[in-house]
């Protein structure tokens, strides 16, 4: 793979460019507030038209309050020799996110309760946060902890936790319909790639792609800190949320596994059926799981007061792979081709959303004679082509009760073929659009 | 098996007589119009009361037009020595059905595009048609094609394609109810046995059987050319079609496989449930598949403007066995016992349709005391007989919501036993008929 | 196991006390009427507040008539030497229940039709009854029958069949709600343990346990002769039956197998779902089967005129284990720990029934901030505890449509954890009770 992929190469294979953006974003120390998020959004703003919102600390958002803003310059633990035995400059996971400032000398015994490791994965640095309780801490490889001799250590977290803002980005792409598709990804994780630079990169490229397309639906991409960001967005956009017809949370979407789709709370929303349809026609194996209220921001979108049709598309399921929330979730863990595959899959899903509709068969009594219109094989007796089959399905089920997605699912044919069949039939005057359901 | 089976033997085992009729019909060169169909219907008219309809060429039937009538006297390809290297008199599959007349001498290179073979089944003659595009052609074994030397060939198809009629037959057996059962089979295939002389023969014997029974339901058997025949019938009988409560297309029903039932478009119509129930109690294994709009005339009956409850009963699924639409679908491919088995199975299905109804338990609070009526075993403590079990099921579920077929399905008992239980209970004043649902 | 278990031991492990009661009841010769039932109920009355009802012979109960009362003092068959070759005093299964009195001498050939054995289980005495046909008979081991030489035998059944009463017991435990839970077990079987001393003992201990609890629901325990008893009870309590919201028939519940739950006729009643939920969280494997109208008194409770939500909880399925209705269903066949396990399981089921209800999330838009209420782990990034997960589920689904049992089922978490989560959330003002559905 080459970093120097130009726009033409990119269209053929956007994977390298996606991965390059991911690597560029990797070193930034993001958290739920602070300059790391701003830097990240600024970089995304070079790719897509991104409106950045700043919400002051202390703002009440439903049951929550926008927290103070956290920024960190440096952090370390020095041994008696003055050597940095834990160094934030080497990896930003070394500091518990939202740690309050500290600058003290203490014994290892005093320090110990502030050190987080993974004894079962002794080479990896864990990712830990303490957003809603004032605290501080360091994360390190268990092997490194074991090597620390007793003695005095100089502990420094040069951070500020002060009134400021919560920052999020929004990219809105209006369509001819006010009906909206929401794509949401969290931008609060520091140097972790699958979770969630992969989601950020895929969303960005998706927005860039859709910006160049003609759109029936309107699309809203939100790049927000997890939980508090989604709550903030929903709190400020209660009315707008009612326009959301379909939505997806994107996370852990760049690793080497097949897709995992977690259904919306409704379970059979169009987004659920569209994703399941598209995944079902991929050559790789996918998994679909039911909604549960634990996960990423689908928790908020699917809270009972909103109950939005928002699912979550992943490859590996968050929390269920060994690299999750550790320093092993690095750029190598994410594969360019898998990023590109996720992009292509989402494009297919959105093609379904754009074009799913019910048609009415204008010749509903018996089949129309497709042959005389050049739509059907001339010599009888042998098999039937896929497009012919698709036309028969569309004609048979276009009684106003079934949309093209319904027909694709029932026929087990790809949506694109069903849609092509419907277009052909409409062009020959055999189908007319149904009025959309009220 | 003996061809000389008389009426008494036939009742015991109608298979030989059915197969004899099939062999008699085998040599006739049928197509979607023409004298082959007339000859076939004339022979069936010796078995059942068949009304033959003639519909003029050019008649508009929905989106279609009744085509010209095709008749063929002879056809061959002769080599330079004057020998018939392809000879219609040897097998009527040798000519593409509906071939326009031709009489020319041409090189093998010129002839080649008009020759149809099956390279993967080099000994078999394929069955090909060209109903709706003017064309001509020959079908032959691939091995025979390979033996043809270059050179000049005399090509002759002595056929006529001229205004005439589309011919179909109808046998109507009135019952006490105007509700109709439709049995449909296509009569357009030339010397092919499972598809569809088997369907024709089974339908004929079924009609003969039902003609001798007392009937609640009315039965309509249609013997029609595929597609255009069904469309023609529906076009001329739009009102009558509304009386069809249950229907079956019969095809490929005489080979050595277990049954395949293809559900109606509705999927849970009474005919679907009745067939599935009866097949489920057969010793042999059956397969049930969902409706699809490709197949035989269920495509027309189940078009959305009609949506009739018509399924399709087969043994091997058309198009999915190697003999299909080849010269190997000959009389040996169809088994007399399998024809008889299909007849018996359909009789069981129609028993269900005749007698399925809801009853009302007149003693709905607790069980009635069956023992004092002599309906229940006297000595307690051991098991229960099937008929007693059936009575308990009928009593328990006869609250007006469930029909006997519902009860048979839920209890996993054969419909005949459930029906017998209901009759016994009714005779003892424990059940009364429910008014039929509106 | 020790018979001397005192009240304190019993709370820890009620199995021995339950088994002791079973052994005490074992020798009594019960039938559908008579002193055996009275003696049994008198003994149960020492454990629970039992109201004993006497219904005169000849009373019409729906389609049935309360039969004459049967009492037996002695019965035997003596050989020519005056030895009792069959002796009621050795096992009360030796006499066909409800045998009319007889005192005659007869040949073995004359006697033979009155002798019931199990040729396939030659060492066991079968259990046979003749409630509704005047008859008499003896049951014996097939091996013993084969040993009987030809000759004259003195046959004596010293029984009375005379106007009297049908006796049943009822223990009613009122709750704050008039909604009732019915627990029904048959008390008509003589010396048979799993069927149904196990049910009697479990019901008795369950009533004793519930009597000491505060109760939302009212509980009605009925100890009745099978079939005629249930019919009599329903006939005398038609109005009361309408208050039954949940019910269980208990039988064969003390053997060493896992549970078998037979659903009510409705199939998805709350009792069905509650039992299935509780069984699904047991370490042992359980089986759930659909309702059928053959079995014990669920046959009457689920007759269509009542259609009460009454299932049947068993371990081994009646009629499907070799000891069933034979002398092998003795005290050793029932295990004290299994009796105690059944009691505990039913207590869990009734906990569900007591506490199942719908709550309303008072903070339905996004999640409430559990952390600030001390309800959620402080350090983020790692997993989630079961109780936290339960709180998320309760919050997410408490939109008024789902009860705690629904939530337990959908989350696959134990009801007790879901209920605890709801209590916590309510205590923190995050949930309010929904008005019960109308």
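Which chain is which? They are A, B and C, in the order written, and residues in each are numbered from 1.
One rule holds in what follows: a residue touches a chain if its C-beta (ideal position, glycine included) is under 8 Å from a C-beta of that chain, and two chains touch if they have at least 3 such contacts.
No experiment lies behind these values; they were computed from the predicted model shown.
Of all residue numbers used where chain A meets chain B, under half belong to both copies. The two sides are thus made of different residues. Here the C-alpha atoms of chain A line up with those of chain C after a rotation of 120°, rounded in steps of 5.
Distance between chain A and chain B, defined via averaged C-alpha coordinates, is recorded as 54 Å. Multi-chain contact residues of chain C (touching two or more other chains) are absent.
The touching residues of chain A, when paired with chain C in their complex, are 61-64, 96, 116, 126-133, 135, 227, 230-231, 234-235, 238, 265, 292-294, 299-300, 302-307, 319, 325.
Within the complex, the chain C residues that touch chain A are 361, 363-369, 371-372, 378-384, 389, 392-393, 395-399, 411.
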